[in-house]
Every structure is written in structure tokens, then in C-alpha cells.
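Order as written gives the chain letters A, B, C, D and E; numbering starts at 1 within each chain.
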């Protein structure tokens, strides 16, 4: 058995096969379904761990299958891919546990978990894609797999959100497709290559390349929720909480941001992008997104909508880090891929717990909730402080490197963006925390249910607690080998000429 | 002689055009079916007349055979069309097709 | 004697369904069994023919031993072979589906007609003779019309009547073109014509007549007016056959003539075709979006998809032709699945009003999955046959520099997405079943899903299928 | 010789014009029965044209099938149509195409 | 609107006329080939040679078209009045039928036999036979109900099936479909034509009758 060929494929298949079996599983086979879900998630983590170790030891993992004459389906485990794969595999397990608790006794669970598995399959595929067409393939699959999750509840609002999501993402996908095909007709290859493969192209193609860059980034920007393409994300919060977690932290938004990294680093090459003059406009768009979305978040009373705008803002840190051009900023951006994921998923888990246990959907209803649900709110607090960027949490590491990187690259104005955003983050998170811990409880909640012996059921409680602890550890242990930060340094060292 | 051959071929074009016009403007299905048959005769006339262009030798038999085939096809199609028309008539009460396609 | 390499599979492909039709006609009580046996044997023959052709290369078969120009030749290259294959695959699926769909009273009429249609399709794809093609066109047209009328409703009968008139009119235009070409060059063999044809008034008139006649049958916008009614009022398996194969057969003839007999066809005409194709995409897509009945929606989707096929004409490149041919194949498979799915829904709920779909769709998850998968292929999303086709077409468009077609292509994809998801969206709403539904036979649901999965699988078979297309270089020699 | 050719040409012209005239009459005649009779006459004239064009096989086929059988088919259809009219006027004719859903009763 | 249509059609006709007039003034078409091979075609009437040998495949499919049309007509079911017995024929029609039918059958036989040498052949003969059938139907004669089912159907497909079987038989002796050995071609064509005449005649009469007589019985 050729592990180098099979391992990437197995990692993709582990969730795909589980999903397909879950689809045909009768609704009442709850135990089998839980077993399959958890089993597949654990299997995937084991496989990813093996691969992580392998990549670190210098092994090459690559799957190639013919797709079109001259084009192959390529799954390749490089360092950047591993960062995203590890993130999604880890968070998938937690989200699955959470979703099992969250959806207990609700209808259509086979359908839900089937698409859930497909979603993760697509995300892992996006992460491992070794060329642009493979990326595109999984990127579109992700759209298709998330749509049923968004409209899962079947209400009018859900259908509307689903429609909006599709209009945005299908249009984005179309732009991505045009850009990809165009690129292919120019170069005859789409293989991701460290430092890009376009710099050798005749300069007469440069105007075309700029248009292609815009097409690709716009296509990816839809999922990465870059302003003004972010409209679908706040609407999509009608979906069940585990789906929001998936959208915001694990899969969709991340796939967009990851794609932007890929295109800039491994298609165009960061230095060539800079020489084309496309990075500065991108940095500006990212900055505008950061500030704009933070301001919008300030005025949302609906908790999940506030978190959604927060995501729009935070994900653009990743884009910003990449677009600043410079090793330190790059580290900040890429590491935020992981850090934002861990912190934001904590926040959404907590929001879900509040909704599920107490029926709380609005910030104004949260007064005193800290005493009723201390664990949940403790996790929430850590996530929120992390988002603000308070040391020693994970968010601090990202912002620190972003700031340093901006100074290093001579883009001092970015500091103001970061500072402004931090203030705004604090402005929309701190009142929540204040109300939750120090506010007076009215004693009655909108829709209280007693689930479990603790403040809520364990399946709902454990995932946010774990991710909150992770958010702390990622900050504290940032310099330990295999930490995202160290891994990111490795990635960055490959991208920049020493 | 040659001129008269072309005369018949042009008559074929004439029948084809007449039939086409009638097919489009008439609403009654029976007339449409007649029109199609006359169009067909026009095509057959072009096929057969031009087969006799070279003087002194017997006409080319291949178009003749083609036209015999065509005549049989035409009668088959006509029979089907007429029966279909009767069915349309008995279901809808009229032997015409409504102008706008059904919604 | 080597069974596979020496048998005249070409003839078997025509004779088997013809005998099947006769057998179904004579012993109508056993029609279902006889039909299924025929279907399987045709599929096996196609497989054998494929092996034969892969081994021995393109095949020219002189029926009656005379050979062109005196006799009629049959010709097998990548193009005809793929048409035969897709017909066999769709044919077997439709046969299985129909074996459960029709009540005995209808079945005894359905089976011989369907077998005749199959014989007509196979002989059409094999023919290398433009007059023989006329005969096969008529054979196909009459069978298709009778099948449409089979459901017996007033709207189906009216649609069949209109379809018959259009079909006959198209054939006569085509035949007039044949007459001109014959009298200009003294042959009706495509290959011989290809060697001799040069620009002349007669050829121009022939092009005009034949293209017009075929466009009527293909139902390219604005000549599509007859199609939605005919395709939507026919019984579901017939709708599938019409959309998947029958319109494609006329397109196949057009493609053959365009590539071989009309190579000098001028730029203005090819642009006109491209423009009509583009209009068909937009118009068909918008119409589909506004339909309230599922089968009409799917029928308008066919109008739209036909438009895509014509985008290759102005591009006039090998990759463009391959792209639309791939599109043709994947559309045939996907549309079959879609009409079958619509048939299941109608069977179950007794109606196909899209707005009330929630009452049935949730109870038929297999059917709905099939619909979704077929929809993915129609939208051209990966991984599916439609995606491969769209990719190749975009590539051809960009290489030709005629970027405006890309806008149409993308807009069409989004329109398709809009109407496919309009249907799927309803499947997630919660509603009670108001009446006692009629259970859909398992066979019908599973064959629908199988075909839909095949539409997706086409996304992974591109290297093989594209290589097969190259057999005999129907689109011209590749520079290498 | 010359006169003969002239005569022949005249014959051809008259034949062609009659043919076209008959076709026109058959297509425009306000009465269906008359139209059909004219059509049959047209078919017979076609047979004459085939003879003139040295295609006796086609002439036979046209006379027997084109004019004869097609004519018989048309006439019997017309009579059935007439009977239908009587019948439908008795049964309160349903004269519009009902926008029925595709039937599912196969 | 009509004027526009007229203008369009006149333009089309003018174009067509121009195209036809531009054709070469002399062209023998395929007559060179047909004459060359007439000796081995099995018949001497060139049109029959084309129909039943050179391009026999067309004719074969055409028999299919005829049968298919009948299948189509039958599948449409009873056409409301089709099943009604015609009013009893007058004595004139009855007598006419008695005289004409045998004559027509003889003419049909002659046409089919003569087709090999002089104008005539299966389709013409079949049409005459069909005319005889039409006359019988008009005279009120109906086919015996015992013959209505399978026997009628077999007689309808006989022409097509024998055509195919004869064509296929020689495939076994290393020939192509419908490739007749010259020495047997005449006999084979006669056989095929004879049965085709029968099938064509019955099919044409059945088309005239309309609905499937078997269903009418019920």
C-alpha cells in the first residue's frame, strides 16, 4: 500500500463515506449515527495526526487522479494545507459532539449529519487541493453541502437566507471559474507552487493577470465575506448553532480566506503580486471590511448577528495579513486562520447554549446570565477577550504579528486600523460581558428548559469549554513546536526569500 | 427540353412555397395537413424533374426511388396526422390548435 | 470466428430494437419482458461494438455490399459511437423505469413504439447517407409523436399534433436540401459530398434549407415554441426520451453536416447560430424560472440547454466542439434523471405544482436526491459532466477571444441554479401530506437515482470520453 | 421538329400552370370537401406530370397512394369529422383545451 | 403580418429558384452506376433495382415507417366515431365492390410481378391491394374476428420481418446485411416484394379503417 498516495485520499474519504452511510440511515437509528459521526471524526483526526507528523518529517503525500486531459485532481499535503486540515479536523469533532447534543430529538437528523459530513469533506478537500481546479471543485462542493444546512429548519426566513447564500456563492463561484479557466489558457498549468508560477509569464499578459486576480479574489471574497460581498453571512445566522459554528469558524468563511492565501502565495506569488500592484488595494479592502463590520456589529441586538458581523471583521485580518506583504504580517494573518476559528467557534457554541437552554437570542436579554450559566459565560468571556486581542490569549498573538509586520513592511497606517478595530471589538463585546456578569437577572428567561444535571447538557457544555481552553493555550504556548504559530513560521519561511 | 425540365423544378419550388404559406396561415388542421402534402409534392417534383437533365439517356432512377419512398412516408404521416386530428377534435371540440402554447 | 470482432454489431444495433418492436407488437401481453430483453441486448451490442471499434478503428459498413455512392453506407466514429452509447444507457434506464410506470393498457402501445424509436435513433446515428437520414428522421419523428400522444390528455394530443406538423415541416425542408445536394453532386453520401462540396448557390440554398429544417426539429430559439408543450405533456419516460435523445438526434445531423458537408459555411451564419443559442439560454432560463409546473420547468430548461450547444458554432474550434458534445452527453443523462424524478413526483402526488411540492418531496428522498444531482450537472457545478463541459467551453471561448459568450455561459449557469434551487428549496419546508398518495415503485426511484449518479460520474470520465471522441477525428485533426 | 418542340413547351407550361392552380385552389377553397376533391385532382395531375417526366414508377405510386389512398383517407376523415360535429353539438361541446395537468394515469 | 410572411416566402422561393437554375445543365446523377450494375441486381427495372437492391435499406426502413404509422394510429385508440359501423352500403357500392375487388387483386398481383421488368413494384401493388381493402371496408365487410388478433398482426409485419431475415441470412455467409448473391437476387427480391405487397396492402387498408379492429371488437 502506497501511503503517500492513499493518505490524502483517505482523509477526504473518511468523512465522505460516513456522510453517504448516514444519508441512507433510517431516522431512528440514533446510536449508529452517533457512532458513525464520532468514529469518522476520530479516524480523521488520527489520519491527520499521522500526516502532520509525516509532513514535519519531510514526507511527501500526494494523490493524483486524471480529471481532464492535462489536468488532474491533486490532493497534496503541504505545510499550509496541514494547518487548515488540522484545524478543520479538530473542530469538526467538537462541532459534531455539539451538534449531537443540540439536535437531540429534532427531525431530519440523517439529512443534517449527512450534509454536515459532506461539508467537512469539502473543507478538507479545499485544504488539501494541490491545484486550482481541485480547489474549485471542493469549493463549489462546499457551497452545495452548506446550502441544505442553512435552510435546514425549512422556515421562510431560512429559505430566504439560503437563497441569499446561493446568489452570493454561486455568482462568486462563477467568477472563480472564469478566472481559473483564463489562467489555464495562459499558462497551461494550475499547480500550486511555492512563490507562484506566474512571474515568468510574458509581461504583455500582466493586464490580463490583474483582471484574473480580481476575478479570483472576488470569487473567494464572497465566502471570505470581504466588504461588500459579506451580505449573506449575517442572514445565514438563522441556521442552527452548529451550522453557524461551521460557517464562521471551520468551513465556509475559512475556505474563502484560505483560498485568498493560496492564490496570493502559490498561484501569483507574494512578490509577483506586489509587483503587479494588487496587494495594496486588497489590504485597503480588508481594512475597510474590518472597520465597517465592527461598526455594524456595535448596533446589533441579536447576539448571533453581532457575532456574524464580528466574523466579517475578524476574517479580514487574515486577508489583511497576507496583503501587507512581509513575513511577519503573513505569520499574523495565517495564524489568525486558526486563532479566529478557535475563538469564534467558542462564541457560537455559547450563543447556541444560551438559545437552547434559556431561549436567549438578544444581547438585551442577557442581563445576569453569568450566574445562571457560569461555565458557558466563562468560555464566552475568554472568546470575547481573545477577539479583542487581550494578552495572553490567541487573538493577541495574531494582532501582535500583524502590527509588527505592518511596521516592518512600512505600512504604518495599518496600526490605526488595528487599534480602531480593537477599540470597536471592545465596544461591542464588553457591554455583553458586563451585563452577563454584573447585570441584574430578572429571574425569568424567555424560554427556559432543563436539560442535563449541569447548567445545560454535557454535549453542549464540553465543546465550548475545550475550545476556550484551547484559545488560552494557543496564546500561552505559542512558541511550542507544532503550535500554529511555529507551523506558520515554517510556512512563511518557504514563501519569502531569506 | 432542358428548359422544360427546369420549368418543372421551378414548379416544384412553387408548390413548396404555396404549401408553406398555406401551412402557416391556415388554422384548420385538415388544411395544414393538405398543405404539408402539397409541400411534399413540390420537393418530389424538384427531385424527379432534375433527374432527367441529360438528354439521350434514361433518367436517373435513384431520385425516382427516393420519391416513391417519400410518397409512402407521406401517406403514413398523413394517416397518423388525420387520426391525431380526430382525437384532438374529440378531446377539445375543435380541429384547430390554439395560438399560444399551453401554460 | 471471433464473436466480438467479426459480428456485424452495427446491423445488430438497428435490427435488435426493430425485432423488439415487432415482438412487442405481436405478443403485447409479454411486451414488458420482451422490451427489457431487447434493451439489455442492445446495450450489450453497443459494448461489443465499442470493443470492436477500439480494436479496429473507425468502421464503414456498406449495406447491401454496394458501397457509396450507389448503396448506403453506415459509419462509426467517436461521434456516432458516443451517441449510440448514451442512447443505450438512457434506453436501458428508461426501459426499466417504464416497466413499472405504465399500466398494461398503455404498455402494449408504449413498448413497440419505444422500440421503434430506439431503432430509429440507432439507425440515425449510424447513417452516413443524407437521404437515409431523412428516412430515419421520419421514423424517429412519427414514433416520438405517437409516444407524446400516448398520455391521451387534451393538452398532450394538441402538443403531439403541433409536434407532428413541425416535425414533418422540418423534414421537408431537410429533404429539399437533400434534393439540391444530390442534383449538384450526384451523391447522397456524406463522405463523398465532403470531398466535392464547394461554395455555390445550390450548396448555399441546401445549407439554408437543411439548417432551417433541423433547427425546427432541434427547437432552437425562436423555433422552440412547440417543445415545452410536447415535452411536458408526454408521459414522464417519453419526456425523458424526447429531451435526452430525440432533439439531440437532429442536432447530431446538423453537427455532422456542419463539420463535413458545410465546412465553408460562412462566419455570419455561425454567429447567427451562436446568437440564437445565447438567446435560447437567456430566454429559456427566464421562462423556466417563471414556470409553476415542474415538467414545464424542465422542458424550458431543455430549450435553454439546447442554446448552449450552439455556442460552439462561432468558436469553430476542436475544443469548442468537444465541449458542446460533452455537454450534449451530460445533458442527455441529467435530463433523463430529471424527467424521471418529475415522473415519480407526479406518480406520488398526482400533480407537479412546484409551490405544493413540499407535500411530496420530503416523502421521496431518493427522487429528490436524484433531482438535486441532475441539477448540479445542469448548473455545471463540479463534480459533474456538466462541469467538464462548461470548463471546456469556457476554455474554448477564452482561447477564441470572443469573451462575450462567457457572460452568457455564466449567466446561464446562474439562471439554472436559480430554477433548480427554486424546486429544491421547497423540499425542506415542513408540510403534511393532505391526501393518500400513490406509492412509487421502488424500481422507478432507484433507476432515477442511478441515472443521476451517472450524470455526476461523467465528471470523472472525461479523459476516456474525450479520447473516444477523437476516434476518426470527427472535429478535425488536432495539431500536435 | 420545331413546331413539335413548341407544342411540347406549350403543353408543359399549361400542365405546370394547371398544377399550381389546382394546388392554390385546393389550399384556399373555403369548403373542406371541395378542397379535398381538388387535392385528389391535384394528385392525379401529379401522376400525369410524373409520366411526362419519364417516371412511370412514380406515376403509379402517386396515382395509387398519393391520390387514391390519401384521398380516401381524407374523405373518410372528413366524414368522421362531420359525425363528430353532430355528436358534440348534442353533448354541449367542450370547445376549449382544458389546461389540465399532465395526466398520470398511465 | 401576412404581407411580411408572403415577402419572406417569395424571397425564399426566389433564392431556391436561383439555386436550381444555377445547377449544371447536364448531370447523369448515379445512372451510370445503376446501369452498370443492373445485370447483377436481379431485376431489369432500374427503379426496382434501386428500391430493392442498391438502396434496399431505405425501403426496409420505409416499411418500418408504414408499420409505425399504423402502430401510432392504433395507439391513439378509438376516434370517437371510428368504431361506429358505417351505414349499410347501398346495393351499388356492394355490387361495385364485388366486381372491383377481384380485379384490383389481380392488378396488384400483376404490378408486383411486373415490377421486376417494367414500372410497378411492391408499393404500387400494395397500394392497389390496399384500395381493394378500402373498398371492402366501405362495402361494410369486416375482417373475421378470429383473424383479428395475432394473424392480422403477423400479416402486417410479414414484409418487414422477411426483409430483415433474408437480409440477415447472408450475413452468415460473410456478406453484408441485404447483400444478395447475384444469382439469387431476382428470386429473393420477388419473395420480399411479394410479402411486402401483402403487408403494405393490409397496412394501408388498416390505416383507412382507423382503430385496431381487435379493440373495436371488445
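The criterion applied here is as follows: contacts are C-beta pairs under 8 Å (C-beta built on N, C-alpha and C of every residue); 3 or more make two chains touch, one makes a residue touch a chain.
This one's a predicted model, so the numbers in the text were calculated from it and none came from an experiment.
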Chain C reached from chain A - shortest hop count over touching chains: 1
Centre-most chain [mean C-alpha coordinates]: C
Between chain D and chain B, distance of the C-alpha-averaged centres to the nearest whole Å: 10
Inter-centroid spacing, chain C versus chain B (mean Cα positions, whole Å): 27
Chain A-chain B separation of Cα centroids, rounded to whole Å: 68
CA centroid of chain C to CA centroid of chain D, Å: 35
Sites on chain D at which at least two other chains make contact: 57-58, 61, 65, 69, 73, 80, 84, 97-99
Numbers and ranges of chain E residues touching at least 2 other chains: 16, 20, 23-24, 27-30, 34, 47, 54-55, 58, 62, 65, 68-69, 72, 76-77, 79-82, 121, 123, 204, 207-208, 210
Chain C to chain B touching residues, read off their complex: 131, 135, 138, 142, 145-146, 149, 153-155, 157-162, 164-165, 168-169, 172, 175-176, 179-180, 182-183, 225-226, 228-229, 233, 296
In the complex, chain B residues that touch chain D: 1, 3-5, 7-8, 11, 14-15, 18-19, 22, 26, 28, 30-31, 33-35, 37-38, 41, 44-45, 48-49, 51-52, 58-59, 64-65, 67-68, 71-72, 74-75, 78-79, 82-83, 85-86, 89-95, 98, 102-103
Complex contacts: residues of chain D adjacent to chain B: 5, 8-9, 12-13, 16, 19-20, 23-24, 26-28, 32, 35-36, 39, 42-43, 46, 49-50, 52-55, 57-58, 61-62, 65-66, 69-70, 73-74, 77-78, 80-81, 84, 88, 93-99
Touching residues (chain side chain E, partner chain C) in the complex: 15-16, 18-20, 22-24, 27-30, 33-34, 37, 53-58, 61-62, 64-65, 67-69, 71-72, 74-77, 150, 153-154, 157, 160-161, 164, 168, 171, 175-180
Touching residues (chain side chain C, partner chain E) in the complex: 8, 11, 15, 18-19, 22, 25-26, 61-66, 69-72, 109-110, 112-113, 116, 119-120, 123, 131-132, 135-136, 138-139, 142-143, 145-146, 149-150, 152, 176, 180, 182-184, 186-187, 200-202, 204-206, 208-209
